[in-house]
Amino acid sequence: MPEFFQFLVSGLTVGAVYALVALGFTLVYNASDVVNFAQGEFVMLGGMVTVFASAAGVPLPLAALIAVGVSIIVGLLLYWLAIAPARGASAVSLIIITIGASILLRGAAQIVFDKQFHKLPSFSGDTPLNIFGAAVQPQSFWVLGGAAVIVLLLHVFLERTLLGKAVLATAANRLAARLVGINTATIMALAFGGSAAIGAFAGILITPITLTSYDVGTLLALKGFAAAMLGGIGNPLGAVAGGLLLGLLEAFGAGYISSTYKDAFAFIVILAVLFAAPQGLFGRRSVERV
Amino acid sequence: MLEIANLRSAYGRIEVLKGMSLEVRAGEVVALIGSNGAGKTTLLRALSGVQPITGGEITFLGERIDRLASHRRVARGILQSPEGRQIFDPLSVEDNLRLGAYLRRDKEIDDDREKIFRMFPTLEEKRSQLAGGLSGGQQQMLAIGRALMGKPKLLLLDEPSLGLSPLLVDQILAAIVSLREAGITVLLVEQNAAAALEIADRGYVIETGRIVHSGPASALLSDPRVKSAYLGFD
Amino acid sequence: MLAGLSHRYGILIVLAAVMALLPLTFPSGYYFRVASLVWVSAFAAIGLNILMGKAGQVSLGHAGFFGIGAYAVAIGPAHLGLPSLAALVIGAGVSALLAYLVGRPILRLRGHYLAIATLGFGILVALVITTESRWTGGPDGMAVAKLSLFGWRVSGSGAWYWITGGLLLAGTWIALNLDETPTGRAFRALHDSEIAARVTGINVNRFKLQAFVIAAVYASLAGSALAMMNGFVNPDQAGFLHSVELVTMVVLGGLGSVVGSIVGAAVLIMLPQLLTVFQEYENLLLGFIIIVSMIFMRDGIVPMVWKLMSRKRA
Amino acid sequence: QQTVKVGSVLSVTGPASFLGEPEDKTLRMYIEKINAAGGVAGKKIELVIYDDGGDANKARTFATRLIEDDKVVAMVGGSTTGTTMAMIPVFEEAQVPFISLAGAVEVIDPVRKYVFKTPHTDKMACQKIFENLKQRNFTKIAMISGTDGFGASMRAQCIKVAPAYGVQIVAEETYGPRDSDMTAQLTKIKSVAGIQAVINPGFGQGPAIVTRNYAQLGMSAIPLYQSHGVASKSFIELAGPAAEGVRLPAAALLVGDKLPDNDPQKKVVVGYKQTYEATAKQPVSTFGGHAYDGLFILVEAMKRANSTDAKKVRDEIEKTKGFIGTGGIVTMSPADHLGLDLAAFKMLEIKGGDWTLVKPGS
Amino acid sequence: MTILAVNDIEIAFGVLKAIDGVSFAVDAGQIFSIIGPNGAGKTTLFNVISGMYRANHGRVELSGEDVTGLVPDALAARGMSRTFQNLQIFQRMTAAENVMVGRHLQENCNLLADLFRLPSVTRQNRATREAALTFLDQVGLRDSADTLAGSLSYGACKRLEIARALAAEPRVLLLDEPAAGCNSVETEEIDRLICRVAGKGIAVVLVEHDMKLVMKISNRILVLDRGRALIEGSPREVRDSPAVLEAYLGKHGAREAGRA
């Protein structure tokens, strides 16, 4: 039984990491239907900038703030220099641009920072807590809490504010959005900046657990993407549900089935879920009238 | 109120508006008629700033607006109910209407929405449903309602009666008349040319990107050339 | 109609001419190697383009089929005593069958959901290859027996240049053939509007599946060719990053354009070779070039060039 | 003055960059020194380095490029076993000596005429660890390995040699190269009764996370053995206090200053460490040392042959004898293209955040 | 001869019963119109008949065969063709290609033959294009044959859809607001086209709000209101029904209807 709880805890920890990354996809997707493959790079930036700033003697909270700021700037630059000029390009072309951006950002990070792995101290120490016989890193609570805060903020923003509706409207119908007076360029910039901030925030929270380096983005983006799709992309609640579920699948898969095939197990479950619910668990059901 | 001088616009290499000049005076209803592909929709899109122009000038209330971004034109009071309805499918009917008033900051938004609901009671029944599930005509009502939510000074209507039941066509036409009474200027594109000219003050006839006739609506209605080309024989 | 015919053969003739003349400019065998890599990747990209560009269905797991083809010619001769060519055919058959079985359920999904499902499939293949090391040599890969054709053991970059070139010509011909046929039109129709396609009597699922199987077979054959040419295989060839690379080739060159896929492959294979002089700035520049080309050639390189050329002529 | 071209294909970026990067830096810095000192056999060395990003297919292309286009006379490189194995056929065919920096024993077993390598094999690492287990009378162990090339290959070697040391592997788990939490696997190991030690073949950040999770789960009472794949200071840094008490086999380089003065390697390793840390401004790792060894085995062979002819150089490499490198004292033969024995490995333990030599028999 | 028989169809979206027990039958060569207020369920009824939606209850027969619940492509193969109220054209194909796709079922489609472009494929292709051009001619779009459909104006797209549907040589043709977006003159052309189609023995089911058109060419008219049949009868009966006048026609509609 303590094993079960340990698996549960480790699943939730990893799942919360995925959930945080998945949440980052939500804003850009909601404004543009584009899955931003450079999202993982924002997570990397969050971690790496914090590491280097605090190594340079900046106190940790300030370093974290700087990291978020840097990521937002990079997110806005990504929009202004790469996405906005490609106005009118198809979603696939935009996705390739984000792939290019992720290669570029990784290349830049490897020059600006280095190619080593780095860590951040846990926010509340490393003494594990004992819960039902399972050992929990205190940092896990930070990650879970961070995911909870962001999902709440995003949910309220998208569902309860006019600006949030404008974001959804921009994705739903760009032309109509312009016709009702929405400045779609600003909305997109907001989405990219916001996503970058979420990504950086995620990077700062998870680095004490996962460590970071210039190239952590790729796999995190991949897992985050899988989590977002499992939950139903565009829906912040879905992103969190998908992330936690993916983490649990991996942990229980590793614990009870086979650690080698845990990813396989996770993906088979994802395929099965999509088979039953083609829009993910909590995806917006698309209404297409003819 | 609105002055268009020698407006040109093209899709790629194909020029669709070939130097169009027309004017709309404050408080008027002006009808634009023309056959499929004449360029009516293109003109309205150019006025709203969602279609690039290659030449000419657009002046609105004494201000050049042809270089303004679309949202700035909306802020100046130019709203459009576009061809093909272009509603926000995944949002609710209410949200669609609320977004129509996106740039408004006044307190009457909710009242105005109720007014729209009184105008189109079917929409009220569906107020919290996703707009994508509406029937074609209901979507058309929503598109018109959304444009009205923006408190237009100049309302651009691209085939507002399209897909509406005859009863509703009556209502829409009546509504346009009452809009004029409320001081709103309307530029109306309509395939139902006879009906449009009946309520309009003046009209323009467009053929392949050029204005070929213009004048008071009543004169156009009785013009034999217009009759044979757009009104049918009866 | 006639124009369509000559257009198709025009492309093939130009391609064949380029293939024939290119070696005259090659100072060393290394260039043959790079060119062969381009041919092989282009072949895989053309197949993927039938799926993505024509039928409008994404696959982010296509390297999985590439890997199956590659490992078929590795495992077949090494563990089962099969001749390489037989292994290649079996690999293509396995890929086709797998594509059929996997495609049936997942091709119902759309857009990003299809992307994640295919991605999952690709990852499963790569995972099996990495793990079942008794058969596959594990993460470090395994050696592949040399291809022997009628007693001639194929080796050297030059020989492979012609073999892969021939393969590419055949692949190009078939892809171009599809364009003006009922099948090709059905692909494009379901891309634009599945609903309309269905009411005109197109069995959407069947055609999606066809496109998926065709693309899988292309990828599998390309994988086999590369493996035999390299003399080794490793799981990277089935990996996610390789899938992304293939998709990038297709989109960069131009969705739906057969020539585009060749150009896209050429660009993505040659760029890293050219960029090595910039050393640590290589990735930075690669990303930069991808972004800039997508901004200025948003429909892909070849469609953009076509457009410019036809504008000049007009 | 004439030049001679020496090639190198390294994984300077990508998942194995922590191998390729120090190798790259080492090669560049020492080639400069050698050339400043007049070169070798009357010629300056021109170094051609390509970065394969860890991709074997790319490595293969660069290998062809080195041979066909750059016409190098020898190659020192190949950071990983995967890239090395992909490049071997090219060098064998072109008959150009290739000194690999990869770990797995397959590189030199079976012996290939033109292929050599400098790092200790993973098999030796297993043997070194098992030797230590035997001295402590441990027979029941668990293994948790990475699924990357390094981890998988070492895992296989350990399973192969375990019986010879009377060691029984009673639990086995794996983790992916980029996994960020191994508590599930470790919990399973923990639940198996009677385990006396845990071995973690792996490189990169994985072992650091394993070590941290190990402490988190309160397993520190069971000795944890890491591999030579983590032999750099950054492991200690990443794993933090959890690294305390971890043992691993590694080259003398890590404990250069702790070697007795009469140790023949001391001068070489201290010299390399100082040069590297002064120039590269980062802590030394054994991986850069492999490149150092490879380069100087090659240079010495060229000097002995007084020629830069590929075949003559190859023959001289094979005759390398008593070469003192960072990895140990190398004596090659036609049957042994590595030339190191178990003595080259030291068993280290992390104490107080630093490496210490384990006293024999403990 | 009854081609299409629809029996007691029922379908609901959530709590809303969009269609509630509707039945009708159409004979070969007949023009059968369905009218009714916006949201009455006309398009939904089409969607059920053409297999896009699955009805909760009811039965659809095509030439006596029970085709309830068949998928759209299976229905197309049995001779059902339709157009859409919300345009569904193949934007990235030319007008001619759009219509050629419409002839999909008339063509032999064999993957291997197509991959190798056997001479038979080329021959067939030429024939299909010829046929497509004649259909384009019928809707007055021949000049736009090689224009990308995405760059056609709204009215042209509507007519293109009709040409595509006709190209399938259907037994039943369902037209959802074919004249929307066309002016009176253009509407008259469509009116002639529909009559010609019916003259060839095709059963035409028409949904349309243009009363002049409906009253002029329909053999029978079914009026739907809130998912239920209000009345079914001849144009005259419908026009004179006070219920229809109140729920649907209004002043304007009545006048239009009167003009027919």
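Here the chain labels run A, B, C, D and E in written order, and each chain numbers its own residues starting at 1.
FYI, a residue touches a chain if its C-beta (ideal position, glycine included) is under 8 Å from a C-beta of that chain, and two chains touch if they have at least 3 such contacts.
Because the structure is a prediction, the values reported are computed rather than measured.
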Setting chain B aside and leaving every other chain in place, which groups of chains remain linked through touching?
one piece
On a CA-centroid basis, which chain has its centre farthest from chain C's?
B
Looking at A-C and A-B, which one has the bigger number of contacting C-beta pairs?
A-C
CA centroids of chain D and chain E: separation to the nearest Å works out as 74
Can you check how far apart chain A and chain D are, centre to centre, with Cα atoms defining each centre and the answer in Å?
36
For chain B and chain D, what's the span in angstrom between their mean Cα positions?
74
At least two other chains touched by the same residue of chain C: list those residues.
131, 195, 280, 282-283
Pull out every residue in chain B that's touching 2 or more other chains.
133-136
Residues touching two or more other chains, restricted to chain E: which are they?
43, 52, 84-86, 88
Per the touch rule, the chain A residues reaching chain C in their complex are 35, 82, 85-86, 88-90, 92-93, 96-97, 99-108, 110-111, 218, 222, 225-226, 229-230, 233, 260-261, 263-264, 267-268, 270-271, 274-275, 278-280, 288, 290
Touching residues (chain side chain D, partner chain C) in the complex:
12-13, 50-51, 55-58, 60-62, 64-65, 67-69, 80-82, 85-86, 89, 93, 104, 106, 147-149, 152-153, 156
Of all residues in chain C, which touch chain D in the complex?
27-31, 33-34, 37, 130-131, 133, 138-141, 143, 155, 157, 226, 230-232, 234, 236-237, 272-273, 276, 279-280, 282-283
Considering only the defined contacts, which chain E positions touch chain B in the complex?
13, 36-40, 42-44, 85-87, 151-156, 159, 177, 180-188, 209, 211, 247-254, 256-257, 259
Residue positions on chain C within touch of chain E in the complex are 1, 5, 174, 177-178, 180-186, 188-189, 191-193, 195-204, 210, 214
